[in-house]
Every structure is written in structure tokens, then in C-alpha cells.
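Given below, in the form of C-alpha cells, are the structures.
Both of the next two complexes hold chain A, though its partner changes from chain B to chain C.
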Partner chain A sequence: MKFVISREALLKPLQLVAGVVERRQTLPVLSNVLLVAEGDHLSLTGTDLEVELVGRAKLEQPSVAGSITVPARKLMDICKSLPDGSMIEFDVQEQKLVLRSGRSRFTLSTLPASEFPSVEDSPQAFELTLAQQQLKRLIDRTSFAMAQQDVRYYLNGMLLEVVQGRVRMVATDGHRLATCACDAEVNPAEKIQVIIPRKGVLELVRLISDPEAPLRMLIGSNHIRAHVGDFVFTSKLVDGRFPDYERVVPRNGNKTLLADRQELRTVLQRAAILSNEKYRGVRLLLNPGQLQVFANNPEQEEAEESLLVDYDSENMEIGFNVTYLLDVLNVVGEEQVKIILSDPNSSVLVQEAEDTDSLYVVMPMRL
Partner chain B sequence: MAELLPWQQSIWQQVIARHEQGRLPHALLLNGPEGVGKRQFAEYMSAWFLCSAQQRTPCGQCRSCMLLGHGSHPDRIVIVPEGAQGTIKVDAIRQVSEFSAETAQQGNGKVVLVQNADRLNVQAANALLKNLEEPPARTLFVLWSAHFTRLMPTIRSRCQQLAFSLPATEDSQKWLVQQCVSADQFPQLLNIARGSPLKALEYHEANLLQVWDEWQQQLIGLQAGRVSVSELAELWKNRQTGMILSWLSDWISEAVKQMMGAAHSTTGLFQPELLSAAIATARASEWLAFYEKLNVLRVQLDGTANLNPSLALEMILIEWSRLMRTSSRSRVDGKPVRN
Partner chain C sequence: MSVDNDSAVPAQHQRKIIHFDCDCFYAAVEMRDHPPYRDIPLAIGGRPDKRGVIATCNYPARTFGVRSAMPSSHALRLCPNLTLIPGNMTKYRDVSRAFMAILAQFSDHVEPLSLDEAFIDVSSSDAFQGSATRIASHIRERVRNELGITVSAGVAPNKFLAKIASDWHKPDGMKVIPPHEVESFVLPLPVEKIWGVGKVTAARMHELGLYTCADVQGWSQQQLQERFGRFGQQLFRLSRGEDQRPVEAREERLSLSVEHTYDQDLRDLASCLAQLPRLEEELQQRLARRQLLEQIQGRVVKMKFHDFQQTTVERHLQRPDSDYASLLTAAWQRGQRPVRLIGVGVRLKTAATTQQPQQLSLVW
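The block that comes next holds the complex of A and B.
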């Protein structure tokens, strides 16, 4: 294998791909990046077995084709430290990779490409195309509700659901649930549901750079693969059944509260300061036209806030973990937020006043 | 490339037959004495399970087989005992839970191998039980252990057991010859290894025949007063204590057998002078009590009990000397015991 590439063309994909490679690896080959030269293209692959990222770079001149793996971090450090605009020549000689650039020469150890566990295309994958911003919106609006290291492993990820004409994402940690949907030109034979692991979701959204550009996704039985610009991102799936989110969304709410999102958010943020640091409980007192928020902590410190809202049902007192409410208020976009309640022991529905694409369910807290 | 040992063919055929009838369970427990190739069998089975060719044997050509050959297959996890105590801790099993929660990376299912499953500590065993009870799809668990009765009964009951026994002597000898063990050595090696061919090979490679001669010479030295109990305990401590103690236990059982009038089953293995000195006491009951004590101690040394090996060895050696002395005192025919 032999090729020449400019430092700039290599560095961007290399940095992203090396970002996937974990420092602490049990298998030596996983700390390496796979380089495949073919024609005038170079592809770089990094994996931590959970997610895989393939980047592509253009070569100045046709290469001598071949594939090899080299230590990712060292290769990146070398490329970063070379001067701007330098050309780097890669040459594999007797199981070593020789890098030449100007008057520098480096020899890196290698492992054969056949040792590298890259993911091959799965044959019966379902394909769908979204605008990058659509996917970003779906993820941004829901990812905060994913569980972290829960024993219910299927909650440590996000449900991606594809039905006729619609793509939906759902995340829940058992205390709150977030879901967001968008229209898409899809036509699956039957409903598709897969769970993308937490890490896969967070890495995928990092790749989105051009909101208008399309993003092609392939959903297989073991993997989800996304073609984003020059990158191909692959994540394993969580092998489990996601809870039926439709049963969690409360339908029996009879009291509606409309409030200004920013105002409510700042009120809650201030009250949160004096809430119990562990349980983060706040008490909401709903009166016609007015919402009062109370918080206190074990040190007997108290916060009291009130806010004018649009509410005309009977008085009600309900407790919440304030973080759950704030998380929702941080991601929704509109001016007005609508909260639908039924009684102090039932979960509430939070959504934007106009837009019903996103739904948030928050469990109350007994105070 | 994982290979079956020649004496495992029939058991492999059983596994394949079960698979073809759709009766292969999600979890197998391989039990049998040390050194009969349980690990090799488990490795072979995982290669077969992960192989893309889906034949009766792993093909050795496909990508899965290649990755396994390089030891970088992402869909196989091997849990081995760790640390000074040699136990499997719960952190290792948590890895298994994470591993089994996600889909296979290469798409041919996943394999979890647990070596020396009897070394699971309580928390780890309970954590593993969770995985065994609700196994994810297309995931094969293979546990193996030489002391499977020490495993939690709940784990045992969730695995189908495959029993491995010692191969016939001819099979072992054929195999040992293939492994380049010279023909005049293997009968003795096999005897020392209690019929286990893999152990015999290991002993051969570690040149243990010499150690075998030494330890009996050392005992003779102890009896003659040339070496003290504490010196000998110190010497043995640096060797594999467990191995020497198991030899000693074999030695006692041989002595008791001969006292009871059994034929010389393992002629040439033990120093006759030392054996006859022990036999001369004709106190089988005392030797048997000692044998019991020794075996209890071996289990303790092997387990997680925090025993001081030097003290344990000293205790055994003092007891041994006492028994041997009784023998010389109680002799009636007046023949000298020591040469």
C-alpha cells in the first residue's frame, strides 16, 4: 500500500474517527485505525465495538491499493504536529508503516487488516432518508430522557420507530419520557422498532454538520448505519423490547395550564436552588390564573415564587423533581408551553402550545 | 484455529445432533476432571457457533473464523478468574450483562465463555444467573469447571451439563506421541497426571518428571532428618503447593491400597522404600484420617480461604513425620526402615 495525502485532507476525518477509538482497550487492534486505499480514495475506520465510524479522504494521485491498521492516536498526533499544508506519504514496508513528509520520517507498527472487526453491510436493511436537521431535532428533543446505566438495559438507549410516513424517537428512564416525531417519505411493510444505545445516539448527533443535507439511514437487524456527508456511522443495537410508550402517555388530563416557557423556566431554576439536593423536589400550587412554586431543603431554607399563567380549573397541589421539568423546558422551542394534568398522583403531559410533534411525560413526586 | 481433541469427537457429534434437532440449550456446563480439554471444547464450540458457514464444524475461512484466529472477535467474551485469589468478580459479569444486552457486531450471534465457573464469587454468580435466566436471543453461554458441585445449584440447574471423562489410555498415548512426548516417558507422565493427557503434556513441558523424583527424595530426606520440616515447607511453597499436595494425597491412597492388599497399580511411580515404610505401620485408619485432613486442606488452599501456605505445609509435614515415626516404632519384624 502506498499513497500521498495532504495533511488537511487527512486530519479532519482522522480526528473524528480517532475520537471513536477508546484509549483503554482490551484488544490491541481496537486502538488502531483501519486504512484502506483504493483508487483515489482513502477510507479510515475506527471502532470500539459498540460504534464504528468510517471516514473518507481524497488522495492527490491514484494510490497503490491496500489495507492496514496503525495506532490511531499516534498517527493523529503525528499528523497534527506536522506543519500546515504538508504532504504526507504513506508506505507499508514489511509490516511497518513508513510516513514521510518533508524531512520527517516516522515508522509505525501495524496489525493486519484482517484482524480488524469492521462491520459489513447487512443485506436486508431498511433504508430511509431524512434531512440532517430532522434527525438532529428528533435526537435533541428526546436524548436527555435516556437512562444511564440502568439495569433495565433497554432503557439505556433510544427507540427509533418507523411507520408509514413517520419517524419517531422515544427515550425514557422510567421517571419521565420524551418523544418526538417527524414526517418522512417512508413506507415500511410493518412497523420497525429498534433501540439505539446511548453512546450511538450521542455520537451520531455529533456528526451532523450540514443541516440541509440529506442523511441516509440503514436499519438492519443488528446495526443501524447512517451515511452523513463523508462519514459512515454504524452502531450496534440494544437487544430488547422497549416499553410501549403509547400506554405511558396520559390521556385523561382534564386541567390545562398554559405558561410562558422562559418565565416558567427561570422561576423553576430559582426555586431549584433551595430544593433538596438529592431529590430536587418542588411543590407547584395551581390556582386560577396563578402558579406558585415552593421549594425547601433539609436546612429549612425556603424558596417561594409565583407566576401568572393561563389556568382555570380547580386548585391543585402537585410535586415534581424540578430537573425533569427543566430538562423539558430547555429543549422545547415555542413561546408557550402547555401542561395537562389530572390529579397529584398521575403523570402530566408537557408539550408546546401549538406543535404536537413532541410529547413529554413527567411523573409527579409525592412530597 | 480451535481444534477438537481426538477423544472429543463423539461428544461433539452429540452436540451437533442436539443442534440439528433444535434442542441445543442457551447455556452449557462442561464438567469433568482437569486436563481433559474442556476449554478446547468450549473454544471449538464458540468458533462453530460464530462461523458464518453454519456447517457441522467451523469452516476456518470466513471472517468470523479469521477474527477468532486473531483473537479479535467482537462477539465473544471470555471470563477468567483473576487476582491473587483467582476468583471471578461481579465486575467481570457486569461486562457480560452489557455485552449480552447489545446485538452482535458481526451478526452471527454472541458467545460468553466462563472458565473455571466454580470460581465465581457469590455476587458474580447471582449476576450471571440473571443472564442465564433471561438469555438474549442468539447467545450461547458455555461454562466449564472441574469442580462443578461447588457452583451454585441455581446456576447448575439453568445449564445443560456435558460430562467429560478421562480418555482411554491408548487415546491419550496416541495423542501424546503426536505432541512429541517420547514413548518411554508418557506412561509415567500419564500416571502422575492421573490419566489426564493435557496435564501430562504440561508436566512434560515443565519438565516435572524431575520434580516428581525430587519431592519423594525430599520426603526421604525429611524422614532421615537431613532436612527439617520448615526447610522443606519453604521449598515446596515456591513450587505449586497444590500440585505437590495432590501428589502426596495420591501417594497416601496408593499406600493405603497396598495395605489393603491391592495389586501394585502404579508400579514404578512411587519410591518403593518410602511406600513400604508407610505400609509397614499397617495403620490404614490413621493414614486415611490424614488423607481426609490433607484433602480438606487442599480444598481450602484452592478456595478463597485465606490460608498461609507455609504453615499449612508445615502442619502436613509434621503430621506426616509423626505417622512415619509411628510406623518405625511399631514395627515388629525389626527390619530397618531406612536404608
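The block that comes next holds the complex of A and C.
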């Protein structure tokens, strides 16, 4: 195998593909990236057996075809550190990969391409096309609420739901829930619900570069595949039953607070400085027309904030992990945010005042 | 209860404890709501073809030898005419709540032991001129009139004796052990009645010639300690009718678990492990519903083998091998024979450790 490629053509797909490769691996070949040269194209593949990403790059001249795997991180670090505009020659000689560029020369170890595992394809996939920006919005507005390493493994991922005319994503870590939906030209025979693992979600959103361009998804029984630009992303699905978001979204809230989103956000950010670092608790005191925010920490330091809000129900005191509120305020867009509450021990609903394609549910904290 | 001024303990420290125990509680509630059940053998429990066990039975059923915790199939063999009905826990819980509410009117120190049983410390109560006997009679009367069930009571200077006393004239009875009668009461008491003495310990005590508390009193504290270790100290005190344990209003749960008895024994470790997801899921839901997810301190697995021997394995959450699969495997290793019941549970942090903020969980 032999080919020449420009540093710029290689670097972007290589960085994305290398992102899938885990630092610590049980199988040596999994820390490698698979390179396949054919004609004037190079394909690059990285996998951790759960998520697979295939990228494509254009070669400067037709290649001597072939395939090989090389350590992903080392290859990426070398390419990154070469000067802009470099041309890099790849040449496989006696089971080593020799890289030449200008006056630099590197010899990398390899493993045969035949040892590289490929993620299997699921038959009978349901096809769905969204604009890249639609998927990005769905993920950006919800992914923060996914659990990390929860024993309820199905929470370490995101629910993708497809019903007639609508695509929805839901994420929850058991303390808060985020969901966002968009209209789409889809018509599944019955409701589709799959759970994409956390890592798959985070890698998928990194691929989005062209907001208007279409993104084609194939949802199989065990896998999901997405074609995004020059990339083919495949992820295993999480087998499990995701909580029913409709049961989590509170319907009995009888107190509504309207606040300026930016103002509320800065108030909470300031108060958070003196909240307990571990629990991040803040106390919200709702009075007609006014919201007060209190925080204190084990050092007995205290923060007190207040802002004018639109609220005309009875006084109420409620505690929250301030991070959960800030996470929501950081992703929603509109000027005004609406918070619907019932009592200090029940979930509250946070949403944009006008737009309701996104819903956020946050459980309070007993302080 | 009269206060005996000659007793060694100063009068102001003389406690007055009442133990209340409802008579065949679940059955009593059912008989109240369906009077025809009163005169026929009745049991509340699981179906025999599902390996159910008897939770409670009424006195007509007891004359046939039916007892609680007995497999339903066995009960039906003893008493073929037994009316076996599934329980209505919601209803029993409501009755229990009303029962505990009556007790709470007479003392701040109420310690429920289960739905139908509680200690109450009335030492500082002013009701009925401070007479524990009258308070007990009054409460029994009210439970009968307001809840339509009967409750037996034991009145004594401590929990150990109060509990024995409530059983003395059961059902629908009451026994008072005033301080000056404690000694004569305990002397002939069989060692089996001592709190903490089960079948195994009783057999060991019998071998040593210890049949009654009088026999135990003949031994010195040191002798008892040599034979029974730390439990010897407890034997020494309890055999003299002494028990300092306070009546504690335990508001918080210390543990929570779910368990399942299988229709057919699970023959190997793999089939036990296969049951874990369902048990864990249910436990998770119960914990979430009670907002206890953040208070978990450790995990517990209980395993009952086909010969009714059982074992439990408990590990602190911080141990890397505290996952249920590891606990279950450890429990299986101890028995390595067919399993009829698996329970999974959690140990919860106590109040002292939960003064910290508590993040509530979503319920689904």
C-alpha cells in the first residue's frame, strides 16, 4: 500500500475517527485506525466495538491499493505536529508503516487489516432523513441530561423516538429529564424507540458540520447507522426499557414563574459560587413579583440574590442542585423562561415561554 | 401500674412500657369486614400452587395446627376446609396507621415493630393519673370500638417483659407485670422466652441444664460469658428481668428489599443470576418511589435454599464487589443447592449520616 495525502485532507477525518478509539483497550487492534486506500480515496475506520466511525479523504494521486491498521493516537499526533500544507507519503514496508514528509520520517508498527473488527449491520432498517441542524438541535438540547455510568445502564444513553411526522430525543439521569422533538417527514408503521449509547450520541453530534445538508439515518433492531457528509457512523443500540417520559413530565403544576432567561442564569451562576461544592444546593424563595436565591457552604459563606419575575401565586421555598437549572438555561434560546411548580417535593417543569418543542423536568433537592 | 418504692431502682427511673400486639391482624381485619369468616378456619396467604406461605390465620384455623409462615400447601393438608384468601395490604396498612395514631395520642415514644405490633413508653404520661394499666385498657377499648379488631397488651417495666406479657393472655387479653412481681415472674420462665434465644441456643442451654431463668440466674456473669460470649451478658441481665433498651420512635427505614419465592427451585447459579434484572428493577422502583435512592449505604442479597436454610450477604457500596451479581454468587457459593427464594435489598444511611442535602429522584 502506498499513497500521498495532504495534511489538511487527512487531519479532520483522522481526528474524528481517532475520537472513537478508546485510550485503554483490551484488544491491541482496537487502539489502531484502519486505513484502506483505493483509487484516489482513503477510508479511515475507528471502533470500540460499540461505536464505529468510517471517514473518507481524497488522495493527491491514485494510490497503490491496500489496507493496514496503525496506532491511531500516534498517527494523529504526528500529523497534527507537521507544518501546515505538508504532503505526507504513506508506504507499507515489511509490516511497518513508513511516513515521509519533507525532512521527517516515521516508522510505525502495524497490525493486519484482517484483524480489525467490523460492527455488524442490522437487517431491516427504518430509514429517516433529517437536516443536520435538526439532529444537532435535538442532541444539543438534551444530551446534558444523560447519565454517566449509572447501574441503570439504559440511562447512559439517549432515547430516539420516531412517530408519524415527529422525531424526539429524551435523556435522563434519574434526577432531571430533557426532551426535544422536531417535525419530520416520517411515517413508521408503529412507534420506534431505540436507545443510543452515550458515547454514540456524543460522537454523532461531532460529525455535524453542514447545518443545511441532509443526514440519513438507518435504524435497525440492534444498530443505528448515520450517513453524515463523508462519514458513516454506526452504533450498537442499548437493550433496555427507557423510562416513559410522558409519565415523568408533571401535569399538576399550579404555580407559574416567568423570568428573563439571561438574568436568571447570571443570578444562579453568582449564587452557585458559594453553594456547597459537592451538593450544589441553592434555595429559591418565590414571592409575588420576586424571586430570591440563597446559597451557603460549609464555611458559612452566603450568597443572596434577587430578581424581578412574573409570579403571582403564594410564597414558596424550594431547593435545587443549581447545576441542573443552569444546564437547562444554557441550552434553551428564548428571552423568557417559564417554570411551572407545584410543591417543594415535586418535580418542576422548565421550558421556553413561547416555544415548547423542548421540555425539561427537574427534581428539587431537600436542603 | 403501681410504683414500688422499695425497689432498688429509684422511682423516677421506673419505666412503664406497654407492648401492644393485634390478634391475628390480617385475619381480624378480614373477619371484621366479612362476618361469615369469623367461625370458619380462615387464612391470609399465597396460593399453594405458587408456593405461597400463610401470613396470618384466625383461631379456628389454629386449632388445626395452621400457623403463620407455614407453606400454604401444608396448611391445606392440615385443614382441608381452610378458606385461603390473598391479603389486601393497602387495607391493612390503613388500619395499622389508625392503630398507631391512637397509640401516638398517649406518648411521643411509640416504636412500631410491624404493622400490628408496637411498644409505647408511657412513663411520663399524665393520662389516667399515670396508670399504665388503665392507659392500656383504654387503648384496647378504643381499638376494639374504632377499628373493630382486638389487641392484646403487656404492661411491664421494660420491653423484654412487656413483650412476653402481651402474649400471656392472648388473644384479647392483657397482663401486667408490676416491678415487685418481676422477680417471681421471671424465675419459672423457660429460656426460650428470652429475647435472642432461638432453637439452636435453647438446645445448647438445655444440654447445660439451663431450662428456666432461675437456672440461668444460678450462673455468674463470667460463667455465662465464657459459654455464650457477648450474648452471655445479655442472658445475665434478661434472666433477671432487666432490660434497658429504650423505646425508640424509628421514623426512618434502615433497609428496604424485595424478594421472590420461585414456583420451581432454581437449580444453578446461572438461573439465579437470570432472575436478578427483574428483582433489581422492582427494588429500584420502590427506592425511587420512596425517595431513598440517594441514601443507599450497602447492598444485600438473601438466598433461601430448598431445605429452608438461608443466608444473606451484605457489602458496603464502596466495595468494588458490591454489585448484586457478586453478592448473589457469594450467597450461592455458601449453599450450592437448589434455591427457592432470592431477595435483593439495600442498607440505608441513618439519620446521622443523612443530614446532608438530599437530591430527590424522578419517579417513573
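Brief remarks follow.
In this section, the second predicted complex is superposed on the first by the 286 of 367 C-alpha atoms of A that agree within 3 Å, B and C clash if a C-alpha of one lies under 4 Å from a C-alpha of the other, contacts with A are read in each partner's own complex, and residues count from 1 in each chain.
As a working rule, a contact is a pair of C-beta atoms (placed from the backbone, for glycine too) under 8 Å apart; a residue touches a chain by one contact, two chains touch by 3 or more.
None of these values were measured; they are calculated from a predicted model.
On the shared subunit chain A, the superposed partners chain B and chain C overlap sterically.
Look at A:Ser221: by the touch rule set out above, it reaches chain B but stays clear of chain C. Once the two complexes are overlaid on the shared chain, A:Val29 sits against chain B while remaining clear of chain C. When both complexes are overlaid on chain A, the residue A:Leu237 reaches chain B alone and has no touch with chain C.
Of the two partner chains placed by the overlay, only chain B lies in contact with A:Tyr153; chain C stays clear of it. After overlaying the two complexes on the shared chain, residue contacts for A:Pro117 are found with chain B alone; chain C is out of touch. When the shared chain is aligned, chain B comes close enough to touch A:Leu49, but chain C does not.
When the two structures are aligned on the shared chain, A:His175 is found in touch with chain C, with no touch to chain B. Across the options 181-189, 253-261 or 271-279, chain C meets chain B in a clash only at 271-279, per the superposition defined above. No residue of chain A lies in contact with both chain B in one complex and chain C in the other.
On the chain A side of its complex with chain B, the touching residues are 27-30, 49-50, 112, 114-117, 119-120, 122, 153-154, 156, 197, 221-223, 236-240. Against chain A, in their complex, chain C makes its touches with residues 284, 288, 291, 293, 323, 356-364. Put simply, chain B touches chain A in their complex at residues 63, 66-67, 70-74, 97-98, 100-107, 136-137. Residue ranges on chain A touching chain C, taken from their complex, read 151-152, 172, 174-177, 243-244, 247-248, 276, 279, 281, 319, 321, 345, 347, 361, 363-367.
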